[in-house]
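Got some structures for you, see below.
After this come two complexes, each holding chain A, first together with chain B and then together with chain C.
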Partner chain A sequence: MKLSLSNKYIVIVLSFFLLLFLVIFFTTIGSVSLTLEEVIQAFFSDEETVARTIVYRMRLPRNILATLVGANLAISGILLQSVMKNPLADPGITGVSTGASVVAIFIILVAPHWIHALPLFAFIGGALACGLVFLLAWKNGIQPIRIVLAGVAVNSILGGFISLLSILYSDRIQSALFWLNGSLASKTWDDIYLLLPYSIIGLIASLFLIRSANVLQLGDESAKNLGFNVSRTRLLISAVAVFLAGVTTAIVGVIGFIGLIVPHVSRMLMGSDHKYTIPFSMVLGGIILLVADTLARTVGGAIEIPVGVITSIVGGPFFLYLLRKKGA
Partner chain B sequence: MKLKGLLAVVLLGGALVGCQNTEEVPEEPETTEVADNESEELDDLRIVAGSVSVTNVLGELDIDLVGIPTTDSSIPEKFEGLPEVGISHTPDLEIVASLEPDLFILDANFREANEAKLEELGINAFFFETGSYEVFLESIAGLGTEINRVEETTALIDRLDASAEAALENKTDESPRVAIIFGAGDDFMLATENSYVGGLAKIMGATNIAAELEGGLHSPFLQFSLEQILDQDPDYILRFAHGPIEQTEIMFNQMFDENDGFQQLSAVQNGRVEDLDSTIFGTAANLRAPEAFEVLGEIFYGN
Partner chain C sequence: MLSARRLKVGYEERVIIEDLSLSIKQGGITAIIGPNGCGKSTLLKTLSRMIPAMEGEVILEGTNLQQMKSKKVSQKICLLSQHNNAPGDLTVEQLVYYGRLPHKKWYESKTGDDQTLVDWAIEETGLTKYKQTPIAALSGGERQRAYIAQALCQKTDILLLDEPTTYLDVSYQLDLMELICEINQKFKITVVMVLHELNQASRYSDRLVIMKNGEIISDGIPNKIINQKIIQDVYQIECEIDQDPISNKPRIHPIQTIKGA
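Here is the complex of A and B:
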């Protein structure tokens, strides 16, 4: 299934154009059926029609946000997998999602008047939890296995707090559930403007980490012999990964599986060189989350399904199928 | 490396396009049309209801709608067949927008999740509260002002209040001490005065034992242990099933019959354990409050 060198470039470029096409094409799909003509008009005319409201203020921002979120989470996943040298690593392992969740749920359930600052506080929560994990894992440098173990411990402690809050405020849990399962419903252009600059910073930074990620793959000894400070490199890559996962989770909630599945698919097609897998994961993450979110808002008719639910239910079996097919 | 540069350029380009959009958006005048509706004829108001409770209130006030919530609960017949806008937790704003409403009324519980988006879409929204009987009445009054039907809503509120007073007719000086156990499946909690049912019981002059256990949490429902109930030994136990009602009732009976602790409660010994009809009581305030008052009056004061 692996592609030859020049084909890899072609696939990456073609996927990028596919992504652009889908962002526009999926604005024609939704619970209200619009004719193609109406959609085109919505894009090119300034007239405030219902079609324009639906296309320009609802579907388009959602599609763009889905693309950003998918790219961020996929890159976060692939960077962390390279740091941990563990194919099961995903952004959640660093505690960033659980940390953000505890804070977000506290705000939603206990202090709803702070809701407007939720992204900021959720980011701080994620950063603190993740900082704690890395602090616990630090002992004369960073060992991947200790990050994983510290992550499991911190996640389970924070998970306890989430359960406690949900039991104490069980009457209001409904609104928190949507956050816990990640949803792009009712996101606005403002959310995109909020996420976009951070995404760009994080995604571009990831491109400059390609060499480091490749070197880490060689193993600690070889990396050291090549003159790399292994611990510092790990920290740097983790920081970018956590930053991307943190800002994303803070705005849309917890969306699982993208950070795990996209890097795998990406490696299956592109091999292990991050020169290809990182750009491809970025595009593929966007495509997969965009498709998942379009399913989320259409399959249930008038009933919105959190996109995190779709990525798990549909993405899980698909991932298993790929693994079996690969014979790994 | 080439690819890296290329992608960086594309991403930056995307960012610049994004920024241009930022500047464009606020310039568009789109919310002004909402304000103009005040002067319009009343019957021209296009109203979409997003929760069952408010749909029933609007039915009672004989107001026309253009959209209703998706639900299994019963709603007034005259609304049947209208476009459905999704369940109250997650209204499908696309459908709501396509109905071009002058007013979209949704449950206040989902205000935070939807307010910003509705504002961006220029949809005028009213958030209807159903957390307690009191806020329910306030919401009805507020809605009356919003849709210019103050007379009708005031009459409705008076009718509801009168039913509470009628049920209190035989009230004695002694306040009955009650425990309201709320069950969903095999999960049981105590309903406090902050819950809708607890609030109704309070209006009916009952003292809720949950107040002693609450500890300033202000939660409508509390986890409890049998020990706490034994310690408080309430005069009445009201059981209220929600969710899978039949199973919950079976679980209720099992809990009370098989646990010796419950048998020692004076409410059990005196036969003062009552099951509340969940279609009348509900977890959110609704128009069947008069029936609820009647039932509670009968239990507490033998009306």
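Here is the complex of A and C:
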């Protein structure tokens, strides 16, 4: 299934255009169906029609946010997989999403008057948890296996706190569940303006990490032999990955599987070179989360399903299918 | 040009090398031999700054290795480790190009000069027809040659090899040793290698360093230092030694292990 060099470029460019098309096209789908014509009209007229409100105030910002979130999580995943040298690494392993969750759930359940500052506090929570994981994993440098072990331990402790909070405040758990399963419902342009600068910083930084991520794949001794400080490189790449996952989770909650699956599909098509997998993961992450979010807001009819539920239910079996296929 | 002064090296609480000094002169091929666990690979890794010394220092051209920038060292010393696990879909050309990275800043990309060097290294190691082949499709011997090409591309004065022939068929082993000698003579690259195979070490080295329990037991030209007694002492085996008619170096024939030694 691997592509030749020129085909790789073509696929990346085509998927980028597919993504642009889907961002527009999916604004036609929803509880009120619109035609593509109506959507285009809505863009170019200043009249406050119903179509314009639906497209411009509701569906378009949501689609754009889904694209950003998908790209961020996918890049976070591929960067962490290169650091951990483990194809099963996922941004969650660093504790960033559980850390953010504990704080977010606390605010939602116990201190709802702080809700406006939730993204900031969730990010701080994620950063602290992740810092703790790396601190515990540090011993004469960073070894991937220790990050995984420390991550499992910290995640389990923080998971306990989440359960505790959910039991103590079970009467208000409804709103918290949406956050824990990640949702783009009722997101607006403000959320995009909040996430966009950080996404741009993180995504551009990831492009500068292509060479380092490739060198880490050669193995520790090879990387050291080529003059790379392996621990420092790992920390740097992890920092960008965690930053991307952290800001994203802080705004939309915990969305699983994107950071795991997208890098996989990306590698299957593009090979191991991050020169191709990083740009392609960005685009593919955007496409997949956009599709998932469109499903999330449409399949349940009037009931909005958290997008994290869709990515897990559809993503899990799809992931298994990929693994089987690869083995065959 | 590369010397170790009073090295103490180990992992955590386990000290492997207690107090060792060694000086490598420019030009020759030095082979380090000794039984498993004697510290020969540890020594090689310390010489290449992969493992920091607990005490003592490694001096490269008058400077302490630990005080040099990692990049600077990688322009002078290349270590080819025993285990390499680069992604299988890398082509030979891509793998060899990595050898240029020590000479590039992080924002610099591949230049025409780099390509010339990559082509040259691939040519010298006889891999021209495999240039675009993914390394997973190469045989073990060819892959090892590709890593040697990467090392050539790195343009270092010193090449350290950690058991380069382990896992290879005998024909590839010979092939590789010949290539190493050629590189040593043609490009004046100083070679220090850890070897398992005693006869290979004897035949292809100008200087032999024999280690046991983290210490250097004997050090000199193979013809002077190889004798039954030292082999028995280091490996606990009885052997016969004669002279190889081609290289005029000593040839060791193991007979049996000495039980209870």
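By our rule, the second predicted complex is superposed on the first by the 324 of 328 C-alpha atoms of A that agree within 3 Å, B and C clash if a C-alpha of one lies under 4 Å from a C-alpha of the other, contacts with A are read in each partner's own complex, and residues count from 1 in each chain.
Following the convention adopted for this analysis, contacts are C-beta pairs under 8 Å (C-beta built on N, C-alpha and C of every residue); 3 or more make two chains touch, one makes a residue touch a chain.
This is a predicted model, so every value here is computed, not measured.
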item	value
Partner chain(s) touched by A:Ile40 [first = chain B, second = chain C, both, neither]	neither
Touched partner set for A:Val291, first chain B, second chain C, both or neither	neither
Which partner reaches more residues of chain A (counting touched residues only), chain B or chain C	B
First (chain B), second (chain C), both or neither touched by A:Arg57	first
Partner chain(s) touched by A:Gly219 [first = chain B, second = chain C, both, neither]	second
Which of chain B and chain C A:Ser272 touches, first, second, both or neither	second
First, second, both or neither for A:Lys187, with chain B first and chain C second	first
First, second, both or neither for A:Leu235, with chain B first and chain C second	neither
First (chain B), second (chain C), both or neither touched by A:Ala302	first
Shared chain A surface residues [contacts with chain B and with chain C]	208
Residues of chain C touching chain A in the complex	48-50, 69-75, 78-81, 83-90, 94, 98-99, 101-102, 106, 154
Contact set on chain B toward chain A in their complex	3-4, 7-8, 10-12, 14-15, 18, 21-22, 25, 28, 30, 70, 84-87, 89-90, 92-95, 97-98, 100, 109-110, 112-114, 116-117, 120-122, 189, 195, 217, 219-221, 223, 283
Residues on chain A engaged by chain B in the complex (per definition of touch)	9, 12, 16, 30-32, 46, 48, 50, 53-54, 57-59, 108, 112, 115, 167-172, 174-175, 178, 185-190, 192-193, 196-197, 200, 203-204, 207-208, 210, 275, 279, 282, 297, 301-304
Complex contact set, residues of chain A against chain C	2, 208, 211-212, 215, 217-219, 221-222, 224-229, 271-273
